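In this document, chain identifiers A, B, C and D correspond to the written order of the chains, with residue numbering beginning at 1 in each.
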Amino acid sequence: MTNHIITDKMDSVTGLDFSIARLGEPALPSPLRHAKFTEDDRRVAYFSDTRVLTELAAAGKAVPSFEAAGPRATLFHDPAWTRAAIVTCGGLCPGLNNVIKTIVNTLYFQYGVDNVFGIKYGYRGLIPAFKLEPVHLNPDTVDTIHDDGGSMLGSSRGNQDVEEMVRTLDRLRINVLFCIGGDGTLRGATAIAQAARAKNLPISVVGVPKTIDNDIDFTDRTFGFETAVHATGPIITCAHMESKGVYNGISLVRVMGRDSGFIAANASLANPVVNYCLVPEVPFELEGPDGFLASLARRLERSHHAVIVVAEGAGQHLIAEAANTVKDASGNVLHKDIGLFLKERIAEYLKQQKIEHAIRYFDPSYLVRGVPAEGTDAVFCLHLAENAVHAAMSGRTDMVVGHWHGRFTHVPISLATARRRTIDTTGQLWQSVLGATVKDYLKLES
Amino acid sequence: MTNHIITDKMDSVTGLDFSIARLGEPALPSPLRHAKFTEDDRRVAYFSDTRVLTELAAAGKAVPSFEAAGPRATLFHDPAWTRAAIVTCGGLCPGLNNVIKTIVNTLYFQYGVDNVFGIKYGYRGLIPAFKLEPVHLNPDTVDTIHDDGGSMLGSSRGNQDVEEMVRTLDRLRINVLFCIGGDGTLRGATAIAQAARAKNLPISVVGVPKTIDNDIDFTDRTFGFETAVHATGPIITCAHMESKGVYNGISLVRVMGRDSGFIAANASLANPVVNYCLVPEVPFELEGPDGFLASLARRLERSHHAVIVVAEGAGQHLIAEAANTVKDASGNVLHKDIGLFLKERIAEYLKQQKIEHAIRYFDPSYLVRGVPAEGTDAVFCLHLAENAVHAAMSGRTDMVVGHWHGRFTHVPISLATARRRTIDTTGQLWQSVLGATVKDYLKLES
Amino acid sequence: MTNHIITDKMDSVTGLDFSIARLGEPALPSPLRHAKFTEDDRRVAYFSDTRVLTELAAAGKAVPSFEAAGPRATLFHDPAWTRAAIVTCGGLCPGLNNVIKTIVNTLYFQYGVDNVFGIKYGYRGLIPAFKLEPVHLNPDTVDTIHDDGGSMLGSSRGNQDVEEMVRTLDRLRINVLFCIGGDGTLRGATAIAQAARAKNLPISVVGVPKTIDNDIDFTDRTFGFETAVHATGPIITCAHMESKGVYNGISLVRVMGRDSGFIAANASLANPVVNYCLVPEVPFELEGPDGFLASLARRLERSHHAVIVVAEGAGQHLIAEAANTVKDASGNVLHKDIGLFLKERIAEYLKQQKIEHAIRYFDPSYLVRGVPAEGTDAVFCLHLAENAVHAAMSGRTDMVVGHWHGRFTHVPISLATARRRTIDTTGQLWQSVLGATVKDYLKLES
Amino acid sequence: MTNHIITDKMDSVTGLDFSIARLGEPALPSPLRHAKFTEDDRRVAYFSDTRVLTELAAAGKAVPSFEAAGPRATLFHDPAWTRAAIVTCGGLCPGLNNVIKTIVNTLYFQYGVDNVFGIKYGYRGLIPAFKLEPVHLNPDTVDTIHDDGGSMLGSSRGNQDVEEMVRTLDRLRINVLFCIGGDGTLRGATAIAQAARAKNLPISVVGVPKTIDNDIDFTDRTFGFETAVHATGPIITCAHMESKGVYNGISLVRVMGRDSGFIAANASLANPVVNYCLVPEVPFELEGPDGFLASLARRLERSHHAVIVVAEGAGQHLIAEAANTVKDASGNVLHKDIGLFLKERIAEYLKQQKIEHAIRYFDPSYLVRGVPAEGTDAVFCLHLAENAVHAAMSGRTDMVVGHWHGRFTHVPISLATARRRTIDTTGQLWQSVLGATVKDYLKLES
């Protein structure tokens, strides 16, 4: 029945595998009207630097590239028999409901698929023991969900037993599964795709990568990020006002960013009242005359207030060092959270230095990730979701929809989860942050 | 020179003293043009209940009343010689800059007073040792400050040595002092007014009461409250989304309200997704089948999510009880903050009950108090400040500007600080909260 | 059956009739629990000026007063047999959905009334010929409507045949009708109440006054006004930016206010970048050296930009004069709208004066009235609606819920529609506007 | 002295000239620290489609490409002698102040240039007759301008005498000129660059393309667009509420887009309550059974409300046709504006068809273009401005900063103004609009 086409041609230039798995040859004419179909050989070059392109041309090598996303003229799945399911996993992110809504509407209005199920609370909704009945989704039930943040389906963290999830999909006769989530979720999606393949079940598993940190590689943008950066605006403004409201006021704003400081960096540039921007990519020391604490003391001396934005993954080595040694007055081990850790160290240091001050701590994560996607970010969600449906109906599987060089692409999950995207500290983004904030505590190459 | 007029006629009905102190007889014609001056005998009845009014009339007693605010036809202070100062104390509150701006503009444009000084960082700006030079304020320097939250002057908590502050005022030749702050600040203002009187210094000390909690008595409204309630809206919406985003999600939102739950109650009604509203005025128990924790467990069983709004002053007796006995797994004493205390107790209880859940904690105080005043709240700030200037120029002192029965009033500081305004739990506000939230854990009279 | 109690005692002091009509003696115990019932003799004094109160006391006269709103211990309508209907009429206003939602919820949860009907598109929904079936309302159908502006029921302008409307109510066996609307709507409500009485139909007709202009008399506040003023904020900010963006830029912002300039005045004070505030209450001339046009030219000369806020009802006499005489270059009669009229006259005048300029016209009415009620305005809607339900269930009719001296009140419709509330041009609101804007074109008493 | 390097090598594949003019060989070491300099041979491929790239490689042809933007290791202009000027022209656009601020700060802090002048009111500020003194700009004067919409310098439309402008620049000894504006402005910039060259004046003229319509070609993004789309959100929501608030309500929202419907299309997708989206790229007919008017009537019949978004440049042929023939009842020629034209035609048609209805017209242009840039759009402004400074200091001229394939680029003005970018009606953006709106009046290929 199904006849998985697995290409496994490692690209010779990058050592990466850009190839997309397919369940079999598509044979059914697409019901889409008025559309310009995307040919299967349409691909988006991975490189845009002409020096690389010239070199490759000279060497007679093909340019590594992503398969272009878009509606296909022939389908693998018959819309009449298609039963689709949608699952959202991990933390909230602006745009989840936009993606859900567009998947439902595209299946319904463009492909005529009306059996669409919402899996409740992430992968656990595929485990019968949790007794979480899937909900039937149609254009009416999703009509206004884009106005709300969060996910109408609920979410959960962590993976579940793959075999059991595949059995549930089989029992529900799902042949198209959309997984919206981050790294872990996508690895789970791969496991599902492979287990389904092993059982010869023709299930397309297509992901929409979700990371509010914007740190998924091989895609230059992820949904929700634009809205998240925007949402930090009024919060940082309040932090600024609080810092100026008292003598030597310090506002410490902890934002998301476990491995990558994209939110912290963009938030600091979008609202240029930030004086320190601490990200995971740039190590720093606290102590000593060149350390962060002494720099902060100098800043207070100069300006009598400071705003600090810290990504949750910044300065982990400081916490690791401190964990064994530093205890508070009562002998308690200090907090592991970099935000609270910093707050305590700053207070301790300034007290030692007899510098009067007041620290305000801001942890706005839920207020940043819980808002609805807006404007062009909402449009981006819509386009991602449309392409996810096109890819799935054409029989592609074990892939996510990405965006590269201005076009939507198909990215193998193995590639999307291979490594994290991080800030290039020699690039314009970080150079701009350095230009806009205090940097005397950083070891910079001259 | 100055000739303090202190009336001390306790009102025979209420036992309260509504009388306003004056520095002396006003004798200078007001420079205000086009204004309808307020006569000195214009007063606003304290009671509006006709049964009380009828009784008083029958008994031949005068109706207790506030002096009406407004511009006076004759002034005590000569604008040509007036040197005014403004000080903001305590925590931030929306509208501080609006009040500062209007005081400056009213003095400048209406009275022709151009010696106006801003005292930096609260009362400490009046203590020379802190080396905080007052800033000169004029319409240009305050032109756009209303667009910002916070206080352009900075603030500080706590009082300073009264004698020293009065010496500073004397040295700066300040004869009009505007104190914008809460209870403590106003008591400090009284102390300054009395010390000045003792030294025969003709200084009008006029307050604008600041309490984001809206809990100052003898005034039916304080500035910033409307904006603060409005600012809780998107935060509670995010809390709702987070609670629905996970299985048995609980969002716990801690809002301001040390003695009075006005913000909590209004926020819960304005954004009716709140399931529990906990305020200082209404005691509750945590434990037992009729306690809050069991009620929450039942709510989760029914709906699988819950939003709790808790005023910072709610449930203090629980903390007091717990402080001696409850320790966490590591033997640490639990947090004193009701928000964190509740968070820990809920988690502990639900774990004991083996009820899977996820708690999100929100402490949006700085995001609520740090925003600029908006709309009609900004207009209210403006009117308060205008009346503060009118009162000061007429020689009134040791008073604040209030609002009663739709009119601005003069309220003696002793009255304004005599007691806190709290929610009447038999009144419509609280009855509406009861109608909109879960109440099975409250002991209600039937 | 029904036994209308119509009191008609004109108040001897004011010549006004404060008395509330009732369908008959309430006899059923209220099902409300935990409530403090409002006694029927509880009344709110109309006057708060102690000079008036003293005079009345001396003369032995009763203080004119409003009946206090609130839940009554005994009901006239039996909840078990009650069938309620809600109708919204006239233009949109923030808070309509909040009022609808709370009426439904209060009837349902507090009184146990579950037969509640929504009349579609205003009074026309009561006319069978329009074929607009009433919709059944319950807590589920109104659960999220407060998040939306507008009215979930739709609205329409104008009254319909009273006899036919009453026949429809009778046929639907409605005994409680809630009319949310302005002057015209309330007059229609009176007509319905009286026609029902004439037919001996026990229908309580209770209104919630809706006027975004805040111009209904005998109530110190109407719902939606606070939100509307707030909504003008970003619009006036844009107008300011546009005016400064070009040489001699003029931004002309037309806001609502047919007879009263409350929105214009408050918007001008809340966002103090407004240079001219034109309201119906204050006549002005365009022409001549003391006219508005010459003043505007002087302002441009000084500052090279100007922001004008004009209430739709301002300067009507200018239009009336112009209507007969002024035609544009093509011979067309000029616009009747004051906004467009002013725009054309300003352009013409400045062209004549050879003053280069650019005018931007803003008509943000729909953006001001179409937003959802927010914060304390939403709470005000809720309290109005609760009291409307309490009043109706107690058998009161031909009245609206008002607000006076900090309490909710019952106001006879005849009183509420007797006259418009307008700005007192000698009071603080207008004096503040004069202080904040250009006034050299106004004839002011010195 | 100056030695203009003009390359004029037409690209053989595209027939386009991607080459960037330079004033001469850069010879001064850059003072930038910590930066990774961009090599001059770094280029960004114009094509990303691998089929094209393969073809070019096979034919041995170079890939057409843009010069990459970024800081250069050697400068042409000596910072010590540099006098820079900034001019903003044309209509307002979110982000103008961000661009101004970053140009000033980058010159000042990174290059040590402190002679920066702001030209007032566009190019007219370079004409002495207008007596508009340039303002001196430094980090203090631009510190908070990003919080405001508009342009702190003011703007004007139209070009001025080129010779005179160059004389002014020469007299002010400006050697670096930043022109922020659209098509016309950039053509003016080219004229200035060429006139300067003719006079052998070493003036770098570098543009930042401004088009709120996002319709400048050879750059995939322009500043302000993201914010503009976002700003349409609440307006379209109000339009939706108004349309549902009355029977057969029609809300007609006119948005910017003279030649390109990007705002209309994105706004319609971001806020999916829009039923008709009319753009310049897609012609349509009004009349006949397949026309827009009949489609609208059918929509009203089905749903009793409709929201229409129309770009200002849509349906121009309809106006052209109507201009000669259609007059209103009074014989007046109908409006040329497509928004007002449509409003009138719709009203006329529905009246003829005896379909009761109500039309609300929204023209929110000023509210969309007058807001400050926000979030990632503000960051984009910052990066554009930094690169404009880098380009100018390196001696490049007659170019703008663009963005292509995720990198900032140098684009010759001749290329940037050669043609407009328009919506590809076969691409995903428009296909998504078709999927989300009524399309029965469009002639679509099946």
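Methods note: a residue touches a chain if its C-beta (ideal position, glycine included) is under 8 Å from a C-beta of that chain, and two chains touch if they have at least 3 such contacts.
Small disclaimer: the values here were computed from a predicted structure and weren't measured.
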Top of the farthest list for subunit D, CA-centroid basis, is B
Separation of the C-alpha centres, subunit B versus subunit D, in whole Å, is 48
Dist(centroid_CA(subunit B), centroid_CA(subunit C)) in Å evaluates to 30
When centres are defined as mean Cα positions, the distance from subunit C to subunit D in whole Å is 42
Residues of subunit D that touch two or more other chains sit at none
Contact graph of the chains (line, ring, star, complete, other): ring
Pairs of chains in contact here are A-B, A-D, B-C, C-D
Touching subunit D in the complex, subunit A uses residues 33-36, 41-45, 47-51, 53-54, 56-57, 60, 62-63, 65, 70, 105-106, 109-110, 146, 220, 225-227, 229-230, 232-233, 266, 269-272, 374-376, 378-379, 382-383, 386-387, 404-408, 426-429, 431-432, 434-436, 444-446
In the complex, the residues of subunit C that touch subunit D are 92, 121, 124, 132, 148-151, 154-156, 234-235, 237-239, 241-242, 244-247, 251, 332, 360, 362-364, 366-367, 370-371
